[in-house]
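The two complexes that follow have subunit A in common; it is paired with subunit B in the first and with subunit C in the second.
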Partner chain A sequence: MYRFILRRTVQAGATFLALTAILFVWLRSLPGGPLDALLGENASPQDRAKLVESLGLDEPIWTQYVRYLGRFWNGDLGVSTGVWRGAPVTEVLLTRAPATVELALCALVIGTVLGVSVGYWAATRRGVFDFAFLSLSVLGLAVPVFFTAFVLKYVFAVRAGWLPPSGRADLQGVIPTPTGLTLFDSLLAGDGAALLESVRYLTLPTVALSIIPFAVIFRLTRASVAETLQQDFVRTATAKGLRNRTIAGRHVLRNSLLPVITVIGLQAGGLFAGAVLTETVFNYRGLGQSMALAFTTRDYAVLQALIMAVAVLYLFVNIVVDITNALCDPRVRMQ
Partner chain B sequence: MTSARGGDAPAAGARAVPAGRSSTRTLQRLLRQPAFVVGAVITCVFVVLAVAAPLLAPHDPGAPLLLDQVRAQANPVPGPQDGFPLGADPAGRDLLSRLLVGARQTLIVGVLATLGGLLGGAALGLLAGVFAGKTDTLVMRVVDVMLAIPSLLMAFSIAALFARPNEWTLIVAIAIVQIPVFARLMRGSMLVQRGTDHVLAARALGVRPSAVVFRHMVPNAMGPVIVQGTLSLAVSILDAAALSFLGLGNPDDASPEWGQMLGGAQQYFNSYPHLAIYPALCIIVVALGFTLAGESLRETLDPRTRR
Partner chain C sequence: MTNPGTHTAPSPGGGKLLSVEDLSVTFTRPGAEPFTAVDRVSFDVAPGEVVGLVGESGCGKSVTSLAVMGLLPRRGTQVRGRAVFDGTDLLTLSDGALRDRRGADLAMIFQDPLSSLNPVVPLGTQVAEVIRRHRRTGRAQALRRAQEMLERVGIPDPGRRMREYPHQVSGGMRQRVLIATALACEPRLLIADEPTTALDVTIQAQILALLKELVVGSGTSLIMITHDLGVVAGLCDSVNVLYGGRIVERADRYDLFDGPRHPYTGGLLASVPRLDGGQRRLHSIPGSVADNIPWSQGCAFAPRCAAATGLCRRESPVWSGEAGHRLRCHHPLPAATAAPTTGPKEQAP
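Let's turn to the complex of A and B:
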């Protein structure tokens, strides 16, 4: 088992190195090159010359790459040239990360819990209910995420006025905010009003973002459970006279959820891309919205850091997924 | 005739059925599935509309015909009226014509992006599957690195590389993102082919290696790749819409694409939702069509693959 974990970690490390190389090349091939990216297009020639020297752009490309890795290692990701002109990228990243983590986690948890439970239900009961959810999930995958977000915002915020149309609960000064996660902080402070406020702001973005993970996980669970139900060991379990609940938990779900766990890992990546769109629609101040702003202002320092952060997170999630799979299924370990 | 490609895909997929099953039987099985019929009908209607768009469109999609109304009224978006059944956009251009011509642009972007990804991915998968060993490891590592960045995010990053985005940046960005999926599929398919008896027989008969690969292995390995292509068409169109929404699409809106229309309509959403709803509905219906057709194809041709 430890060897399996070690092997996967080394593999991920190699992928990460390759990624840094790609991002390095990416930063080089930007329109106007790294100078424009760092200084903006209207920098003076003196500033440019100074930067060439201080960045060592006149040195061989390998030296530059090694230095670039060194800066990463020290947490120096450069300075924003766009919306947060002059602010260190690390700071932008850290202040905005909690909002996105909160949104993405809520969406993933809701998508997974609903997807697995409804999927199991649909597979065991078939019929109208099954058909309705299957159609809905196919439809859910065909609707652009940002359009869903706009419709939700229009119906529930602009027209009905039940929920706030944009932004995020601002609890600064109301209760202590040690984590920056509004739900968690309100629970920690035991403040009901703050909790309600957080939920009100989070509801619409979470619903918009959870539709795709729900649709994917629902369909997979449904198919996987339907297949497991056909297996001989389920018939044996029934013949032995085991209680239905035991069969469902021990035999059916446990064997059906392997592919589902893998897909949850894959969804984690898609969630961030979805967050870019959803956060923009709801003007929700997280990493995704920063990224959208960075695209429009061509703020490459911020973009680079965000892409890197997401890729690292994604690699990490997938290692966790692989390890979970290996824990559940001894066959995976031997591959 | 690239534009007929979407309609061709089902037939091509049916032909690639393994073990010499008669393709008519497969077609019959497909036609018994309502999901496939709905998907195929949507796809066909879409392709016909896209091809015939210039004939069907009542006006020039780029001409600001109702600009005087836009200027004169406090109301900046002219509603439905004589000769303009859906009204006009904020620049006074006929909405119906724009939607029709948009079908063509959307099809072009979707097909070219998917085709690019398919050819690129299939070539990589072919290399990996044919040469195996080190080449295989190398190609698959590259694919793994590409998969380490979430696909839509990678499309955003590629599109952001271009200082002046246009239709082609959109196509290139989406095509590159699709490469890993096709590469994996093609590699798997080729590896299966390597182990089959007919390939062994061909090699034993002394058929040239290139002929073994291209006449015996590739035609049989392409089935799943083409089916995935149908599904990827939906993804391409949705991704194009997302890119346009973020301002990374084609800024020239004289001949619009649906994603671009949708992206441009966002700022009017609260007052004039119909400007966004029409293109969005078109995208949804077409994406649904490709998905339904593609998934029924996949289930019919290969009951083992599921996702």
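Let's turn to the complex of A and C:
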């Protein structure tokens, strides 16, 4: 098992390295480039030449890449040239990442818990509710995230006024914020008012972002449970006279959730993509919204760091998924 | 409910552990004709008796046993009749009461040992969970008992196997685990649904020997469901031959092998390869179950039967024959004369 974890981590490291290379080349092949972004289009040739030299852009690209990796290793991600002009990229990253981690985690947990339970329930009962959820899930998959987000915002924030239309609970100075995760910090401080505030701000973006993972996980769980229920070993379990909850937990769900766990990992990717849109709509200051800002201002250093951060989160989620899968399925461990 | 004159054959032996009376199972599906897989089947099982249910695929033998165990899907299934186990009709029991019986009083083993075991749960847990469910024991005690059971069914190094998973052990070993599971709570009735079909021939013999050793003579009754007459010959006290959802012939083992009276049974026996020579080509019964006519219109076997007459296609045959050897046929094969009692030797033409 430890060898399995080690192997997956090394694999993830290799993936990460390959990604830095691809991203490095890709960003440098975008039209415009850092010169226009830093100096504007009307800069003199002398200024340009000076900047090219000072940034080391005259060197071969692989030398630049190696130097970039070296700085990266030392925790230096460069300096923002856009909205946060002059600020170290690490600072932007560290203040923004917790917001996205919190939002994505909430959406993933809610989507998974509801998806699995409603999916199991639908597969075992069938009937009208099953049909209703199936139809709704198609709708949830078909409607783009930003549209759902706008509708939610309009109905619950603008019209009804029940929830804040944008932003994120600002707890700085109210309670200690060691993690930057508003829910977690509020719980840690034992502050009910802060917790409520955090929940109020998180609700709409979380709902908007969790719809797709919910729909995917619901449909997959439903199909998987329906298939598992037909399996001989479920009949064996019933023939043993086991209680329903033992059959459901140990025999049905444990087998049905294997494909679902894999898909949860894949959903993490879509979740970060969805976060860009959701955070923009709700003006929620996380990685996604920063990424959108960095794109519009061509803030390459920030952009590069943010994309890498999302990639690291994605890789991390998938390592966790693989380990969970191996823990749940002895056949995976053997390979 | 019962109507002995028409379709219920008397059973030999006094005390009954299980008495299946007029059991019918009908599958209904929206948009399709209801299909009666089991049609008023009645048979008894005495304590310690081994009863065979024999027939080809689709004759209703598995459905019969699943109905007794209450394992048929509720949706689209209609079960009628009675299955009286130790004085209680299993078919009228509540879900909870039936669950208390399954695994404890009645146990079942299935055809495919790989798919019948949960692939992601250690073998030891799968044996132990039935013990924990029905006996008041803790986890450790249940696991100890499970290991004992694995040892009893002849699994070498049971301590190690307890922690292994189904894909790590052989087919014969898996069936042994299932037998250990079924016998763990010392049930009074074991139903074995083609337990050797998915196994190699040599392993088949081992599993049958194991069943014989652990069940036969231990006081546990056994319903052996099989299409393999060799299994019947080696194990069963009495045999019920099913065709098209009905029992067409019932006799004890020696009577049946010595002198099958129903043409279908005769055909089955003639299609078994023999080691004592005298036979060039194996007999085969023409046609398939798809040719059956409904019992309501006559004898279901008539389209495939050489002896069939107009009567067979008009009138459904009722029980006939003597007490120990009953059959449902208008034109039975002649009774064997001077039947030897040493086992299956003579065969029907």
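General remarks:
Keep in mind that, in the parts below, the second predicted complex is superposed on the first by the 313 of 335 C-alpha atoms of A that agree within 3 Å, B and C clash if a C-alpha of one lies under 4 Å from a C-alpha of the other, contacts with A are read in each partner's own complex, and residues count from 1 in each chain.
Note that a contact is a pair of C-beta atoms (placed from the backbone, for glycine too) under 8 Å apart; a residue touches a chain by one contact, two chains touch by 3 or more.
Here the structure is a predicted model, which means the values were calculated and not measured.
The superposition on subunit A brings subunit B alongside subunit C with room for both. Superposing both complexes on chain A places the Cα centres of subunit B and subunit C at an angle of 80° as seen from the Cα centre of subunit A, in steps of 10. With both structures placed on the common chain, the touch criterion links A:280 to subunit B but leaves subunit C unconnected. Comparing subunit B with subunit C, the partner in contact with more residues of subunit A is B.
By the touch criterion defined above, A:329 reaches subunit C but does not reach subunit B.
In the superposition on chain A, A:141 makes contact with subunit B only, while subunit C stays out of contact range.
With chain A used as the common frame, the shortest Cα distance separating subunit B from subunit C works out to 13 Å.
The interface of subunit A with subunit B does not overlap its interface with subunit C at any residue.
Those residues of subunit A that touch subunit C in the complex are listed here as 231-233, 235-243, 246, 250-251, 254-255, 258, 328-331, 334. Against subunit A, in their complex, subunit B makes its touches with residues 141, 144-145, 148-153, 156-157, 160-163, 234, 238, 241-242, 245-248, 259, 262, 266, 269-270, 273, 276, 280, 283-285, 287-288, 291-292, 295, 306-307. On the subunit C side of its complex with subunit A, the touching residues are 69, 71, 98-104, 107-108, 110, 112, 115-122, 129-130, 133-134, 165, 167-168, 178, 181.
Of all residues in subunit A, those touching subunit B in their complex are 14-16, 18-19, 22, 26, 29-32, 138-139, 141-147, 150, 154, 158, 219-220, 223, 263, 269-270, 272-274, 276-277, 280-281, 291-292, 295-296, 298, 300, 303, 307, 310-311, 314-315.
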